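Common to both upcoming complexes is chain A, partnered first by chain B, then by chain C.
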Partner chain A sequence: MVTAIAIVRLKDLFAVIMLSGIYSLLSASFFVTMDAVDVAFTEAAVGAGISTLLLLVAITMTGRAEHPDRHKPILALAVVTVTGGLLIYGTFDMPYFGSGQAPVHLHVAPRYINDSMTEVGVPNIVTSVLASYRGFDTFGEVVVIFTAGIGVLALLSVVPRPVTIAKINSLNDSLHEQHLILRIVSKMLLPFIMLFAFYVQFHGDYGPGGGFQAGVIFAVAIILYAMLFGMITARRVINQSFIQLIAAVGVLLYGSIGVVALLNGKNFLDYSVLSDDPIAGQHLGILLIELGVGLTVASVMIIIFFSFAGRRDYLRHLNDNSKGSNNTSC
Partner chain B sequence: MLAHLPVLQVIVPLLAAPLCLFLTRSRLVWVFALAVSALAFLISCLLLQQVMSSGTIIYELGGWEAPWGIEYRIDPLNALLLLIITGISTIVLLAAHTSIQQEIPEERHTFFYILYLLSLAGMLGIVATGDAFNVFVFLEISSLSGYALIALGKDRRALWAAYQYLIMGTIGATFILIGIGLMYQMTGTLNMEDLSKRLPEVEHTRTVFTAYAFIIVGICLKLALFPLHLWLPNAYAYAPSIVTAFFAATATKVAIYLLIRFTFSVFGLTFSFTALPLQILFLTLGLLGIFAASTAAIYQKNVKHLFAYSSIAQIGYMIVGFSVSTTTGLMATLLHLFNHALMKSALFLALAAVVYRIGSVQLSQFHGLGRQMPFTMAAIVIGGLSLIGVPLTVGFVSKWYLIMAVIENGWWPVAVLILLGSLLAVVYVWRLVEAAYFKPPLPGRDTIKEAPLSLLIPVWILVIANIYFGIDTRLSVQVTQAASMSLFGVSP
Partner chain C sequence: MGHYNYWIVVVLMMIGFYIVIAHGNLIKKIIGLGIFQTSVFILYISMANVEGGTAPILAEGISRYSNPLPHVLILTAIVVGIATTALGLALAIRIKQAYGTIEEEEIQKKDNLDC
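The block that comes next holds the complex of A and B.
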């Protein structure tokens, strides 16, 4: 609450972004106390991690201070007050927090809790609801992320200018002096971050985690690399059109699992056809679709970061075209 | 494969979108997208036929039965919407290749088609599903791609328009999500059919009332109901012409569908119209919308703005029909939904042809176009006549049913007001006709030629549809009647 008010009042955008990171982290811990570990994990990875990073890239382009503006949005305040009032009004008849008699716990949920082990065979109930019972929603979410990536590309894509090797080397040396400690530490960290991403990816069946979180963590590793070693070097490691194809492959992998079920005469996304034993089929299906999710999420995050950062280079290139120097440190 | 039609309807365009990335040439992507859209149209025709002959189709996704898994539920109402969306999308795509040559840089063409297909799949997903949360997921797909498509416009103001739409649209979507969350809390289910059974037990609670209020306001933001319409004119005016033609005919229609679905199928008629003074509220807002937006349309200098305001007015007519809340009223709404999709796509596609030739849609630039682009301008005139509601066009059919519905209820003053609203349409259409036919061409404009056939053919398909469905109303009336009957049958 204090953080939220501070975010609204502050004029310094850098501080605002840092505070919103803290806000996400706080809400993540809030979710943990409410026993929603999967949600907390996602909030920590996405809210506190990647969105803070992307916002930081954005303010390198816009500048740090908010424009002062004088108009007083009375009408907006009134609308917000009415909305908030209505929300509080709505809480009066809600079931008590944690009550076992709440309708949520009596209708659909019991089957998820009691039977998901025999029907889907995955210990983490959240994963089995997410990936199997309501797998189509998750498919939709993946497409949402894919859409976001394509949208950013459509609006911001800039064809990178060819750069000579000598230039990269000279740039690399200058960066090396500036960020020596950071570079070495992060070099040591990167393999572990990636390893952790894979752990989260494939452990989603048993504990909190899964494709969404893993994809974000993996993307963070790449972004860290790009920030410390320069965009040009990072572009050489990760080819732009290749990463776009990976994003598409993720969605297609998910979709094709569904289509396989269709071709076998079952309904879309019915994983039980993937193996002779329906439970094993469910298991395999969930593993594969989580992989699809991870691929798409990681590559879209990288695409978004590269497009933003590439835009920044592009703008700078326009600005000091005369100087001819397009330094690319982040 | 026939049993899988409901899901194929949505996943064909959905999976085709990422596939586009593998095709490199703009022309190839266009042919592919067109084929996909045509296939979707075929599927929707088959679905409509199946629904009309054998009733509601239920499809369980993932093989899990309804309240646990997600189901698709196709009844005459969604089948009609699916048909409209895929049909318009296909015809508009036919013109896309030529039109976007001038408006979108070459290297972004592939992204344009991907976003277009995603937007199409999103709308189809919203309409086909029988699960409240699934609606939200697909709403996100269609809105996100919509914002990006609008921002692709050539004019720099397109970015600002898309941003405005993004803010308003996101607020709307969040409201809908809050409403769905509250409903889930009170009933423990997300399935619409199941919700409609379980809501009556808890309908007196303040939480359900709040849920209802949030959902209605959220949907009204999306459908640009007066006075929540502020995002619409700029979004339509600065988007690429093809996108305008597609969205004007489909996007707000999907929101109207959601309004009907939630009030009739989920909350039930009795609750919907007693919890809030909805009838009088919608009637007033609808009528105010007709007059305010039609008057605003008269004073516009940009023809895209003009027709965008006219769209808001047409939404007003649909809302009036909705507020009557009888079978005839609902039928009028659905008929107008169908007919308005035909009119507006024809008009905006014709404007795309104008943009292709003269690069502008300012009214002052239209001088003399009547002689220089006779076929395009004739299409605009017929579309305009249809907007007014002249006999032998589709506009007449929907106005006819609307007035019948209103009179059936004994609301004579409302019927008079609807007729007066049509007179305002005469004024703004006349301004366009005057500029195009009765003013000499601008100096230096003698060489303007008729638009290329690749644009004229889709425009005229739509214009002929405007006339055909104005004369032969069997299909539209039969389907809308079945749809409104089934809605009233479900909710006593």
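The block that comes next holds the complex of A and C.
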């Protein structure tokens, strides 16, 4: 909460972004104390990692100083106080914190807790609810992420300028002089980050983890590489159109498993048709759709980062060209 | 005092709300929305908590688990949240290019000038 208030007061956007990263990390540890390990995992990777990074890339393009004057702060404060007061008044009808008799715990949750082992056969209930009971819902989420990736691409994509190998080599040589320790250490760390992503991906049935977290961690590994070795090198390692293809393949994989279930005369995303033994079918289904989720999330995150960074390079290039000719237009 | 978790949520939510309505800077607004969003996450997760329960991973000898359903909803909401935040940032970058500023009032002024 203190961090949140500091975010309101500060005008330097760089400090604000750093604070919002800390805020995310704090809320992740709060989620751990609330027994929500999967959620904490996601929040730590996404909130404290990727979103801080994207905000930082964004302010390099939009400037870091905030305008000092605000419009009608008193009125805004009044609106906020009234709304907050009403919301707090509303909480008096809510069940007590930690109460086992709250309505949330009485309807579908007991079935998930008691029967998911016999119906789905996966110890992590969060995974079995995510991928099996509410598989359709998760499919919707994946499509939303995919759409957001397309949106960012549509807004920011630029045709990358062709670069010669010689230029890349000279750039690499110049980069080798600086950040030598950072580059070597991260080069050693990268395989382990990727390995950890795969562990999280395929161990999601038994412990906290799954496609969403694994996708984000994998994307972080690629982004780290891109930050330390330059965008041009990273572009050569990871083909842009290939990544876009992978994002689509992830969604397609998820959807087609649903269609396979439909064609076999069951409900959409009912995995028991995938094998003779329903439990084995569920296992296979969850593994496959988590793979689809992981592919889409990882590639959409990489697409977003690359478009942001690509736009930055493009703007810098434009500035270099237009320095001499002062073209100010409306 | 049994409702203190909701009060924390409300306070955080209102801080985020205040940033969104009182600040003109678009990036700051996006961060404010992020705070608002996290307060909703905290609301769900604190509702899922059961006294004496553990993390919802089935194990021998444990009978009380916290509710897995809100965890699932929030897990996906976090990842969708970052995707939409990225979309917002992308819009802010394009606005900066088109108008040269991301302060709301200056954008309004430029629109009113009608050049």
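Worth pointing out:
Note that the second predicted complex is superposed on the first by the 314 of 330 C-alpha atoms of A that agree within 3 Å, B and C clash if a C-alpha of one lies under 4 Å from a C-alpha of the other, contacts with A are read in each partner's own complex, and residues count from 1 in each chain.
Rule of thumb we're sticking to: a residue touches a chain if its C-beta (ideal position, glycine included) is under 8 Å from a C-beta of that chain, and two chains touch if they have at least 3 such contacts.
Please read all numbers here as calculations on a predicted model, not as lab measurements.
Once both complexes are superposed on chain A, the partners chain B and chain C fit side by side without clashing. When the shared chain is aligned, chain C comes close enough to touch A:M34, but chain B does not.
By the document's definition of touching, neither partner reaches A:I243: not chain B, not chain C. More residues of chain A are touched by C (comparison of chain B with chain C).
When the shared chain is aligned, chain B and chain C each come close enough to touch A:H105.
In the superposition on chain A, A:G258 makes contact with chain B only, while chain C stays out of contact range. When the two complexes are overlaid on their common chain A, residue A:R134 makes contact with chain B and with chain C alike.
By the document's definition of touching, neither partner reaches A:M18: not chain B, not chain C. Contact with chain B, but none with chain C, is seen for A:F268 once the two complexes are overlaid on the shared chain.
Of the two partner chains placed around the shared chain by superposition, chain B and chain C are both touched by A:F92.
Between the C-alpha centres of chain B and chain C, as viewed from that of chain A, the superposed structures give an angle of 60°, to the nearest 10.
Once chain A of one complex is fitted onto chain A of the other, the partner contacts of A:L156 are limited to chain C, with no touch recorded for chain B.
With the two structures overlaid on their shared chain A, chain B and chain C come no closer than 6 Å at the level of C-alpha atoms.
Shared interface residues of chain A, touching chain B in one complex and chain C in the other, are 87, 91-92, 94, 102, 104-105, 108-109, 112, 134, 137, 141, 144, 148, 151-152, 155.
Across the interface of their complex, chain C is touched by residues 1, 4-5, 7-8, 13, 16-17, 20, 23-24, 27, 30-31, 34-39, 42-43, 46-47, 50-51, 54-55, 58-59, 61-63, 66-67, 69-73, 76-77, 79-81, 83-84, 87-88, 91-92, 94, 96-100, 102, 104-105, 108-109, 112-113, 116-117, 123-126, 129-130, 134, 137-138, 141, 144-145, 148-149, 151-152, 155-156, 206-208, 210, 212, 215-216, 297, 300-301, 304, 307-308, 311, 315, 330 of chain A. Chain contact summary for the complex, chain A toward chain B: residues 86-87, 89-95, 102-109, 111-112, 132-137, 140-141, 143-144, 146-148, 150-155, 157, 159, 244-245, 247-249, 251-252, 255-256, 258-259, 261-262, 266-272.
Residues of chain B touching chain A in their complex: 4, 7-8, 11, 14-15, 17-19, 21-22, 59-64, 67-70, 107-108, 111-112, 114-115, 118, 121, 125, 131, 133-134, 137-138, 140-141, 144-145, 147-148, 151-152, 178, 182, 184-190, 198, 202, 205-211, 213-214. Taken in their complex, chain C has these residues touching chain A: 2-8, 10-19, 21-28, 30-32, 34-35, 38, 41-42, 45-51, 53-59, 64-72, 74-87, 89-94, 96-97, 102-106, 110, 113, 115.
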